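Each of the next two complexes has subunit A plus one more chain, namely subunit B in the first and subunit C in the second.
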Partner chain A sequence: MPGLIPAFASVATEPMGLQLLPTDLLFLGALALAAVYGHSAAREPLARARWSRVLHSPGGGIACLVLSVYLAVAVLDSVRVERAEQAPLTVLDLVLTPLRTGMETTYSAPFATHAHARENLEHAPGLWVRDYPRLKFGGRHLALPEETARDLVRRIALGTALGFGVFVVLTLVINQLRGRSLRGAITQWWEPAWRWHWSALGVLCLGITIVGCLADGWHVLGTDKVGQDVLYLSLKSVRTGLVLAVLASLITLPIALVLGVLAGYRGGWVDDVIQYLYTTLSSIPGVLLIAAAALSLDLFLSREAGALHSLALRADLRLLALCAVLGLTGWTSLCRLLRAETMKLSTIEFVASARALGSPSAALLRRHLLPNLMPLVIITTVLDFSSLVLAEAVLTYIDIGVDPSTESWGNLINGARLELAREPVIWWSLASALGGMFGLVLAANVFADTVRDAFDPRLGPDAKGVQGRA
Partner chain B sequence: MLEISNLVLVAQTQGASTRVVDDLSLSLKRGQTTVLVGESGSGKSLTALAVVRLLPPAIRVATGSVRLEGRDLLHLSEREMNSVRGARIGFVFQEPQAALNPVMRIGHQIGEALTRHRGLRGRLLRERVLELLAAVGIPEPQRRFKDYPHQFSGGMKQRVMIAIALAAEPDFLIADEPTTALDVSTQAQILDLLQATQRARGMGMLFITHDLAVAHRMADSLVVMKEGSVVEHDSRDALFSAPVHAYTRHLFAVSPRLTPSALLTPSPVTGEPLLAVRDLNVHFPQRGARWWSRTRSFAAVTDANLEVHAGETVAVVGESGSGKTTLGRTLLRLQPAQSGRVAFLGRDLFALPPESLRRARRELQVVFQDPFASMNPRMTVQQIVEEGLVAQGLLREPGARAAHVGNLLEKVGLDPAWSSRFPHEFSGGQRQRISIARALAVAPRLIVCDEPTSALDVSVQAQILTLLKALQQEQGLAYLFITHNLGVVAQLAHRVLVMHQGRIVESGAAREVLFAPQQDYTRMLLAAVPSLP
Partner chain C sequence: MTAWFVRRLGYFLPILLGVNLLTFALFFVVNSPDDMARRHLGERHVSPAAVSDWKRAHGYDRPAFLNPAQNGLAMVTDTLFFAGSSRLFSFNFGRSDGGRHIGWDIRQRIWPSLAIALPVLILELLIAVPLGLAVALLRGSAFDRGLTLLCVAAMAISSLFFIIAGQFLFARMLRLMPISGFAEGWDALRFLLLPVVVQVLAGLGARVRWNRTVFLEETSREYVRTARAKGLSEARVLFRHVLPNAALPLITTIVVTLPGLFLGSLITESFFAIPGLGSYTIDAIQNQDFAIVRTMVFLGSLLYILGLLLTDLAYAWADPRIRLGGN
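Right after this comes the complex of A and B.
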């Protein structure tokens, strides 16, 4: 990918500095917390066995792989590099420089050489013709548009070869890390337990390299109204979706856990107060609350406009505010479920016998209630996570979501909605937004299912089968 | 009439298949009751389900045939089978609670079977339903017709179930443990009803039970099953007078009997009682339908007085709803009391500040009924048993705790190496042993046992009772033993309290209460217990 080298070279020559916006900090902080948990879990045998079960199962392993690609894109897009005299760019922007800078004037279809709409063109001095113009970036390297098919085949072949190369290198590196000899690596990597994992890794490698090779000269997913590459926009949308879902879930979770468990465990007036709170909150339409919050935030931002350095910061604050509003309104359903489950668990006999043994409330909650609430929390959180990703799209569609300058799936869909009525239809923005969301939501759901099963002793790695009778 | 021959049922679990019923042949005659007796896992319920083709999905019929008047039921289409179920073969399940639809009126649930199999509608249907309700002994059928299942007691629900099973006048009735979930007095009524109906209609009945005394009460002929096979099959009198197979004899030996010979010699009652309860009242507040409506209360325990001395077993018996479990929970301070005094080791249990109460709990422990609900499924046996030690701050060093847990497991008859396993890997009896080990861990003086054996098979029950008695002799433990099973009481208790509607109606030495009762209620209770010859 020849475009990359000059991009990195330009970064290297400029004075380097990192700039992190509030959501970047929070998102990277959340990932750091997850990493700290991972580090401690790796040293505890039971947790290690459970997580290794997640990774070993085909569904869990592949979901992890897909999620880590999404996460990698989001992380790259959350680290901003300062540039002299210019707005800062994220690492992802720099990696995708050819896509970012390869602008057209307006819509163009995937792999098109010409624009989607006719324009007045000056064929010769004084001779104006209305025709489809050649694109400035897509297929520019071809002398004749008829060579398109050959060029695509050549690029796919190159991408396949590159993908295989990357796959083989990765395989060898992974086998080396797992302590296999080179010979063992070659003869044993196709073992049944890992077959699905290797296949998925292979498909991912091939997919990334082929798309990479194609994107170097073409708009793989076409361009949007202002001529921006849709593949670039889709990749940028990953961060928005993930940041929103992760941060909103992180706000939801503690509120729902504390209030739900408190209401279910304490009962009495505490329960009454918490019930009134969530009943009231959930009876106000969520869209209304979010619209109100978006309006007051807009007001606040325009008053403070002078204090805000950049448009990027402004858009970022709007994203953060949306996370907060979605988080603060989204805890009611989980809270309700947790309250009921806690009430059920508190009357169960193992809790009564722990109380009879003199265990203090804190120990009861930590040892008996929380571990048994976890399946519910995991499943509900992931379902909410999925609906948050989708909610972003819906809210942005009705203009109370993220800032119009923020690349997001919602903005992509919003931009595409009017063009769906056009002939020939402009489908690529919508399709790429849907594809991006679908992959994330599906992977998150499969991952959550495997995690829940692995952490249930009745199904998990510690299940050994019934041993004898009394 | 109903001929089961060479029936083999196979359970499919992850590639492996096991025979859960092995080569069973059985012939049921009209006008006769055949009783299938066996412990859990013997395949008796599966056999019954196979007859009506309602086996769970993981289990299938490998070979064999079930013939009803020559027609092989196993080869009928699902549609033809539907006209056999209900119409030719009626079915009564163990849990009337689960078998009735909670949002459908009783009359309609009975009527459904009549409409389906007899095509009755309108006034005729209603008249027939009222007749059936009267026939199964439901008072005021006119009024109860429109009631919902939750408005009926357990015994009444089982009567409704029987009415549904009888609605289409089947030739055969299959009753799968129909009285296991009921009290002894209700059980006696339901057994009477089933027997009278069977005789009056000349039906054939397949009656399934784990209780030999109930089997003796009902059977014309008896089939003893063990691990999927028939071990003995004979007429009732022949089998009860001279059981041949070793397993049948073992079942006879472990079944609790209400005979004076089993009684323990009353322990000498000396000195201060360990636990003394004076005028204890426990009320449950019942919240009104709306939050502003006045709260009323329901008296669960009224003016209870009792004493437990060191080293003795006091049994609390009574039917469900008599307040015996509430009494136990209140003594453990798991349930607040309205008034009364509980002195334990000379201290007033209700007046103790939290910290002293926590320390006092060490001496007063509990073993619950349900071996599946009484342990956290996410904790290992080690964590479960050491919970009291951790809570009380005893043996803070992990090595010492592990050694202590190992000793306890050995004491209750389990392998110490099993301490890293999870509860689901154990059978009901083994779990109950773990529960006992958990209670013993903090070296208590008194253990409240709340129906600790009622979920277990008779042979496992006998083992647990033997273990409890051995521990009592070894450590001088006292038990407050809550149970509805009077046969168990006769084997274990030194003294007995009889509870009825929240009051202790009779108390005294086991010999007097069980064999020379003073109160009518106690006499009624004892008369209802089915007995072995």
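Right after this comes the complex of A and C.
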């Protein structure tokens, strides 16, 4: 991919410095927290066994792989690099420089050499013809548009070769990390337990390199109304979706945990107050509550807009406000579950006897209650994750979602919806946005299912036996 | 029974009050009555006199929670919050900030909402319960695996896709029905078909999967093992033993959708331009019409609470072990 080299060169020559927006910081912070959890879980036998069950199952492993690709894109898009006298760009922007700068004037179909609409063109001096103009980026390297098919085949072949190369290297590295000799790696890598994982990794490698090779000279997913590459926009949308889901969960978790455990553990009037709080909150229809809260925050932001010096910061604060709204309205169901579970746990003998022996509350909570609540917390968080991603598109459609200038799946769908009425149909932005969301949500759902199977104590080996027998 | 009812009511009243308080706080923390007046009168060229006139006409000239100008009880009662809330509790919704009669609007708009929501609920039940049962009956088979996979995939599709694809395919390509809009009388059928189908399809994946889980959980219980041990056929076990017991969680899910029945589907209605309560609410939110939003939130939570009451009643009816009012 020759376009990459100048891109990296331009990074290297410019003075480097990070300039992170609030959501960047919080998102990276949340991932760091998750990493800390992962580190502690790896040393605890039970958690380790559960997570390795998730990763060993074909569904969980593949979902994890897909999720980590999405996550990698989002992380790359959250590290913002300062530039001299220009708006800061993310690392992803820099990697995708050819796509970002390869603007057209308006719509063009995937792999098109000509624009989607006619323009006045000057064929010879003084001779104006109304025709489809050649694109400035898509297929520019071809002398004749008729060579398109041959060029595409050549690029796909190159991408396939590259993909195989990357896959072989990755295989060798992973086997090395697992402590195998080079010979062992070659003879043993295709073991039955990991076949699905290896196949998925291979398909992913091939997909990424082939798309990369194609995108270097073409608009793989076409361009949008103002001529921006849709592949670029879709990749940028990944960050918005993930930031929203991760940060909303990050806000939900402490509220639900503290209130739920407090209500279940203390009982009495504390329990009454907390029950009253979450029943009141959950009795307001969800969309209405979110809409009212989002509008209030929006008004607040627009009033304070004078103090905000950059548009990017304002859009970012709106995203953060949306995360806050979703987080502050979304804790009730988890809180209810945690309260019930805490009550159940406190009556179980080991907790009751620890209490009777005079074990201090803090130690009781930390040693006995929290570890037993973790499965419930993990299952619910993972299950809610995908609905948060889907909610973004719907909320953006009714104008209470992210800022119109933020690249997001909701905004892509919103912009493309009206264009379906055109002839010929402009379907590519819509398809890319829906496809991007589908991939993420499907992976998250499958992941959530395997996590639930591995973590739910009621679905342990015994319950499986009963169901399997029947 | 009566004692139980009174106790439940005593529990629900504070909740309704809390809902009102929250709506108030959400709107007035950032949005002063002056701002509202200016927005409704038009941003420019508004004299202070016009603003205070508007506020007096719409009842926003009083303090929000506590009126220091009054004495005794009137300090609390002569406020924006008390006046607005007490009217809601007597179902006198008054006029919207735009000047329309809210009660009349609701009576007009409830029918289109119900015309979509009721068929959706019935169709979903008719399709998802038998499918869930069939999957539970044939668990572990290729049919079960295939359908479960299909459900997981369907749950990953944005509801926007179903709406847009439905409008595009049926209304634009095949020209079978209008893209959006509404009409009176039997003519409305043409407009209602697509939103109903789209909404059923969009919710089906999650619903079938939920039903399957409910039925499977029920089949792993002891009494099912006993029934099988007696030599009953699998179908008999399912229909005579599992189905009645699984009715409780199913009832809960139906009751939870009750507020949705009334409020209509916010998204579907505004996509298909159906003049129901959902689009009414969305419009009100976008126009910052506080009187309408407050009324709709109040009615929505009232229905939710009624749903909770109904759930309790339904549990007592379906499960003889549960007695209302007994301890």
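By definition in this document, the second predicted complex is superposed on the first by the 351 of 470 C-alpha atoms of A that agree within 3 Å, B and C clash if a C-alpha of one lies under 4 Å from a C-alpha of the other, contacts with A are read in each partner's own complex, and residues count from 1 in each chain.
The definition used in the following text is that a contact is a pair of C-beta atoms (placed from the backbone, for glycine too) under 8 Å apart; a residue touches a chain by one contact, two chains touch by 3 or more.
None of the values given here were measured: they were computed from a predicted structure.
When the two complexes are superposed, the chain touching more residues of subunit A, out of subunit B and subunit C, is C. Contact with subunit B, but none with subunit C, is seen for A:Phe350 once the two complexes are overlaid on the shared chain. Contacts of A:Ala421 after superposition on the shared chain: subunit C is touched, whereas subunit B is not. In the superposed pair of complexes, A:Leu295 makes contact with subunit C only, with no contact to subunit B.
Shared-chain residue A:Ala41: touches no atom of subunit B or subunit C.
Contacts of A:Arg367 after superposition: subunit B is touched, whereas subunit C is not reached. Once chain A of one complex is fitted onto chain A of the other, the partner contacts of A:Leu33 are absent, as it touches neither subunit B nor subunit C. By the touch criterion defined above, A:Gly358 lies against subunit B but remains apart from subunit C after alignment on the C-alpha atoms of chain A. Subunit A residues 463, 466-468, 470 lie at the interface with subunit B in one structure and with subunit C in the other.
Taken in their complex, subunit A has these residues touching subunit B: 272, 348-350, 352-360, 363, 367-368, 371-372, 456-458, 462-470. Only residues 291, 329, 332, 334, 357-359, 361-362, 364-366, 368-370, 373-379, 383, 387-388, 390-392, 418, 421-422, 424-430, 432-433, 435, 438-439, 442, 456, 460, 463-464 of subunit B touch subunit A when the two sit together in their complex. By the touch rule above, subunit A contacts subunit C in their complex via residues 276, 279-285, 287-289, 291-293, 295-297, 299-300, 303, 386, 390, 393-394, 397-400, 409, 413, 417, 420-421, 430, 434, 437-438, 441-442, 445-446, 449, 463, 466-468, 470.
Touching subunit A in their complex are the following residues of subunit C: 14-15, 18-19, 22-23, 26-27, 29-31, 35, 139-140, 152-153, 155-161, 164, 167-168, 172, 216, 219-220, 225, 228, 259-260, 263, 266-267, 270, 281-282, 285-286, 288, 293, 296-297, 300-301, 304-305.
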